[in-house]
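First comes the structure, then the notes that go with it.
By written order: A, B and C. Residues from 1 in each chain.
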Amino acid sequence: MDTMEPILAAHPFFRGLDSRYLKLIVECASRETFSPGKFLCQDNEEARKFYVIHHGRVAVEIYRARRGAVTLQTIGEGEVLGWLWFDRPYHWHMDARALDLTRVISLEVQGLMDRCNRDHDFGYELMRRYAHHLAVQFRVTKAQLADFYGD
Amino acid sequence: MTASSLKVGVQLRLAAGDFQALLDALASRGYRVMGPTLEDGQMIYGEIGKVADLPVGWTAFQEGGSFRLEPRPDQAFFGFAVGQQSWKQFLWPPHQTLYQVQRQGAGFHVIPGAEAVPKFAFLGVRACELAAMAVQDQVFLQGPHVDPTYKARREQAFIVALNCGHQDPGVCFCASLGTGPRAAAGYDLALTEVLRGQEHFFVVEIGTMRGADLIRELPERIATPEEVDAAARVVAAVAGNMGRGLDTTDIKELFYANYEHPRWDEVAARCLNCGNCTMVCPTCFCHTLEDSLNLTGVAGERQRRLDSCFSVDFSYLHGGSIRTSPKSRYRQWLTHKLATWIDQFGCSGCVGCGRCITWCPVGIDLTEEVRAIRETAAGVRKE
Amino acid sequence: MTAKLPDPMLPTPFVVQKVKRETSDTYTLDLSRADGPTNFAFAPGQFNMLYAFGAGEVPISISGDPAVPKTLVHTVRDVGNVTRAICRLKRGEVLGVRGPFGVPWPVDRVAGEDVLIIAGGLGLAPLRPALYHLLQHRGEFGNIELIYGARTPKDLLYPKELERWRGRFDLRVHVTVDSAADDWRSNVGVVTKIIDRARFDPPSTVALICGPGVMMRFTVLELMSHGLTPEQIYVSMERNMKCGIGLCGHCQWGPYFVCKDGPVYRFDRIKDWFDRREV
């Protein structure tokens, strides 16, 4: 457990977070490793985890009958995965598959939510970072929609 | 007259009755004399062989969207302001074949066009038109690439300027731009036409030694101070009687800061995007290059043709045009003329001749547009 | 007295040596001069006016190696009559060339800097000569990062060369697409997002960007949020061009003639015009 705090503290998502809050997060955290091809999450599964990627690369995919999986985004070191863990129905709606050997710290969402509810200052801090993450996601998605490399 | 007395700056008196001698002198030196003439009820620039080819006794009333020829009560040779055409048609032909190209095996052979440069004498060039030539000199002669057609024609042209004496300059605004009505430079000879009672003469000022050489043959004499003064009064009266004015204070900054001014929408609602203003403008130089093949497909040519920024195609880039809205095209034209031109060539693209006002079919008046933008401008202090 | 055309208005015949299909509609042509001196000297980022017999002329940036001036290389996308005629040329056929024209990338003025090369779609073509130059003078620069985005893997230019570059230790290559099948091993996402992963020291970095307007706009914003100043950013612009020598007026963009004042601009000099519409 004690090696996770410095990893989280150095991760862009948590950078600058009060160490008091980091400790709350570490209480919900565990280390996971995914070998290439393994799924971090799959469509329709219950979303119980929020992944903090600190090594490797992950493809976010959507599976289409006859055409197979289409990659919509790749993410890696310094990024997070998991959009929907704080909103109903708490289900993943895409697949995420490790492209390379991928090391993450996975945060147990229920525990995180409980702590947010108990300490709203902590909750606000976390939601602020999450809102920023969503804003970036929307920005890049819009850019992709704009046919960036067309005319 | 002695040769030594004919120097640059000397003013002479040429009787109107002796004007033919000037035309003859130019013709005898091999010049094609071009000047204002009436043809099919229009005033154009054409060949002038004799005085009667000039619009003697005619005048023109100009307003936004209107040009009306009417007889004058006198026999003035140059009793009008400028017509539709400008001298740019002679210095920079609106159609020119740049080269021909012939298929040759798997490749082709380029045959550069070469023309015998016509030797023009321009008669009756107004101050605003001299200013326009100076502007086009910046474009075609002063950049990294010189236009050889323009250069050759320009160097050979003999210029007989005319200090403006038209007393009803409805659309003119050269005085507000400092480009007229008196010809300041860039001529071989400059005329001022004086009519008083039964007297009709020209005060001729020598602008170059070439001009002095030519005038030596003419039956003229040194003008008296009184005659010089009479000529100056003619021009001064025009300067005080301009139909329009253009305030150029910080005009570049005004345009750069008002790219999204609501006035652009208003003018675009009236503008037909016909491009007349670009065609009649004596400084507009934009052109296109067109390629064609003959029917057999073995020979072709490249044509250079005057173009207009009012066409949608002008800004076409694969997939579409940059300036799709009529508003953006009017804005491009006026912003170029009055603002970006200054960055590009160190001078304004407008000389105050008023042609774009007269020949606009809906009478759009750039001086009015500038005033409207200035009155409600963003970012620039109001005067 | 006769008036002669200046040389820059006359096309010089070049013979097609090789045609390579890059994507469904894009071809790379290797050309050599049909007669006269064999070398064609140019600076990275410059362009030529290419003339297809009888069809017309188009501005196309030079995409070959400035250190190999014997071969003139152009990558052309079939988007109209003239480009189609050029793309259909076969080995041994001839096209006309006028150039080189325009302001190049500042590759000889950025020694000691980290260099970000950010390309979108066909925008890699005018940047490739810059990259060749940087790699030939590798010791003079800090980190070099190539970030290249396209719609799909099939739309990438020069895939074999990208693979070769990826194998180098002195260059980091980030290729990204908007979407891909699951056999795609590289990134999916827009180039702006990849900037996060590039290694550069913002105060001593220069960025060279070429791609569609929207891509360059977002990329500039992203670079500025990473601490680059407008003086450190260069973009390559595109406009309708007819003469290539600043006389015909077609390529006007505000106060600029893109053919002679550009196509490469330092961003601080054009930032007031960059976002304006229909200029």
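Everything that follows uses one rule, which is that contacts are C-beta pairs under 8 Å (C-beta built on N, C-alpha and C of every residue); 3 or more make two chains touch, one makes a residue touch a chain.
In this text the structure is predicted, and so the values were computed from the model without any measurement.
With respect to chain C, maximal separation of chain centres occurs for B (centres as means of Cα atoms). Among the chains in view, C has its Cα centre nearest the centre of the complete protein Cα set. Rounded to whole angstrom units, the spacing between the C-alpha centres of chain A and chain C is 37. One finds 41 Å separating the Cα centroids of chain B and chain C. Note on chain placement: the centre of chain A and the centre of chain B lie 69 Å apart, centres being C-alpha means.
Of all residues in chain A, those that touch two or more other chains are 151.
Residues of chain B in contact with two or more other chains: 317-319.
Of all residues in chain C, those touching chain A in their complex are 120-121, 123, 149-151, 155, 176, 178-182, 184-193, 196-197, 211-212, 214-215, 218. Chain B meets chain C in the complex at residues 98-99, 101, 103, 106-110, 112-117, 119, 139-140, 143-149, 151-153, 156, 256, 259, 285-293, 297, 300, 307, 309, 314-319, 322-325, 327-328, 331-332, 336, 339-340, 343-344. Contact residues of chain C toward chain B in the complex are 1-6, 8-11, 13, 15, 34, 51, 53-57, 77, 79-80, 83, 92-94, 96, 238-240, 242-243, 245-250, 252, 254-255, 257, 260, 272, 276-279.
Interface residues of chain A facing chain C in the complex, by the touch rule stated above, are 59-61, 67-78, 97, 99, 136, 140, 143-144, 146-151.
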